[in-house]
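Chain lettering (A, B, C and D) follows the sequence in which the chains are written, and residue indices restart at 1 in each chain.
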Amino acid sequence: MKYLTKQKICAQSLSIKQSHPNCGGLCTFEGIVRNHHNGKSVKKMEYQAYEVMAEKELSSLIAYIQNKWPMCNVDLIHRIGNLEIGDVAVAIAVWAPHRKEAFQACEATIDRLKKTVPIWKKEFYTDGNNDWVICTHQSE
Amino acid sequence: MKYLTKQKICAQSLSIKQSHPNCGGLCTFEGIVRNHHNGKSVKKMEYQAYEVMAEKELSSLIAYIQNKWPMCNVDLIHRIGNLEIGDVAVAIAVWAPHRKEAFQACEATIDRLKKTVPIWKKEFYTDGNNDWVICTHQSE
Amino acid sequence: MSIKILFFGELSESIKKSEITLEIPNSLSVGSLFTNLMKDYQSLGEKWQNHILYAVNHTQVKRDFIVTDGDEVAFMPPMSGG
Amino acid sequence: MSIKILFFGELSESIKKSEITLEIPNSLSVGSLFTNLMKDYQSLGEKWQNHILYAVNHTQVKRDFIVTDGDEVAFMPPMSGG
């Protein structure tokens, strides 16, 4: 597995692999398991992936973003398995010569990831119930 | 000094101080010394601050952003003194319940910082010359 | 011909299967394959009919895509990663 | 009255001063103070005339802001942090 992992992740672990002396800006995004969703109190999450396809789509996603913002360098990692509140589910890092492109490309990466990468998550609530998240692909 | 430092900085050192269990997104920005500017080859940079006022303006900046995006939590640090290529000059971290606000508030923070915080930088070029950066406040 | 079929997320959980291998006599579309398979799970089939995503050999396809021998077909709820 | 004046960035470097204390007989605006101080540096004064930023006691002010005894005045090139 290259872009998927069952280990704890953070954006910093992407950063330290990279050095881009022509880049003046690094924008990172971490999607973090939060303690509430749609008014329900969340205890933990389970992330499931269609692993082979997800790896392929994550690789395509990076290529897509770097093609659209040719000066950018993109790296990312997505965690699967069981996550607790505060755990990072996805970390994205975008280096760019100028900051505007770094922000744009980083936000586009997470927006597109949510639509194209076959990963599903199930929320476990503090009341003992659980539910698969049905994503409307609004800002969330 | 609270928001200014002469030590090496990174966004991760902001992150680890913070825990926001209601926040699903963390957007960070690092402004990094790059090896070129306006076609010139840069060797190193010197950052000078009007320290007392800069601390006050950085504190006001955080208050301004958190007032405009009330769900966001903002932290930042700005380095002054002598910086090498690849060194982080400024690191900003914004936690938010939803990612859109995290990106917006983080970008607004660096945009406004460049206009309101009394810090100046001087570039030292590989050809031996040096110049104070005159900021046009375009995307850079 | 032999088709491997994968189910994911809520769909997999509902039908209590994550993977089956199917022998089918004729070529058919992934959409028809889904409708046929869901005959035993009518309410579930109706729920997912318009939301299900199809992949063949790790690439997303439309519901009229025709499967061939040895294909790996996946029936996927809308993605919710990130 | 006594006014402390700070210079920053290229401005400080050009006039080779980062801080002076000035005794002035009458109140005057930060803009006039700058013009007076720049008399010995005419080309520099003209270069910065329309770009300089003024702060009094750590708060940015407009060029017509009147200084009073004990104020800390700063003459600042456009900021370039970040």
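Just so it is clear, a residue touches a chain if its C-beta (ideal position, glycine included) is under 8 Å from a C-beta of that chain, and two chains touch if they have at least 3 such contacts.
Only a predicted model underlies this, so the values are computations on that prediction, with no experimental measurement involved.
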Q) Common contacts of chain B and chain C? A) A
Q) chain B to chain D: how many Å between their CA centres? A) 26
Q) When the centre of a chain is set as the mean of its C-alpha atoms, what distance in Å lies between chain A and chain D? A) 49
Q) So which stretches of chain A touch two or more other chains? A) 31, 110
**Q.** Set of all touching chain pairs, with the criterion as stated earlier
**A.** A-B, A-C, B-D
**Q.** Complex contacts: residues of chain A adjacent to chain C
**A.** 31, 47-50, 52-54, 56, 78, 89-90, 110, 113-122, 132-135, 137
Q) For the complex, which residues does chain D have touching chain B? A) 6, 8-10, 13, 53, 55, 58-60, 74, 76-82
**Q.** Contacting residues of chain A [partner chain B, same complex]
**A.** 10-12, 15, 19, 21-36, 85-86, 95, 97-100, 102-103, 106-107, 110, 139-140
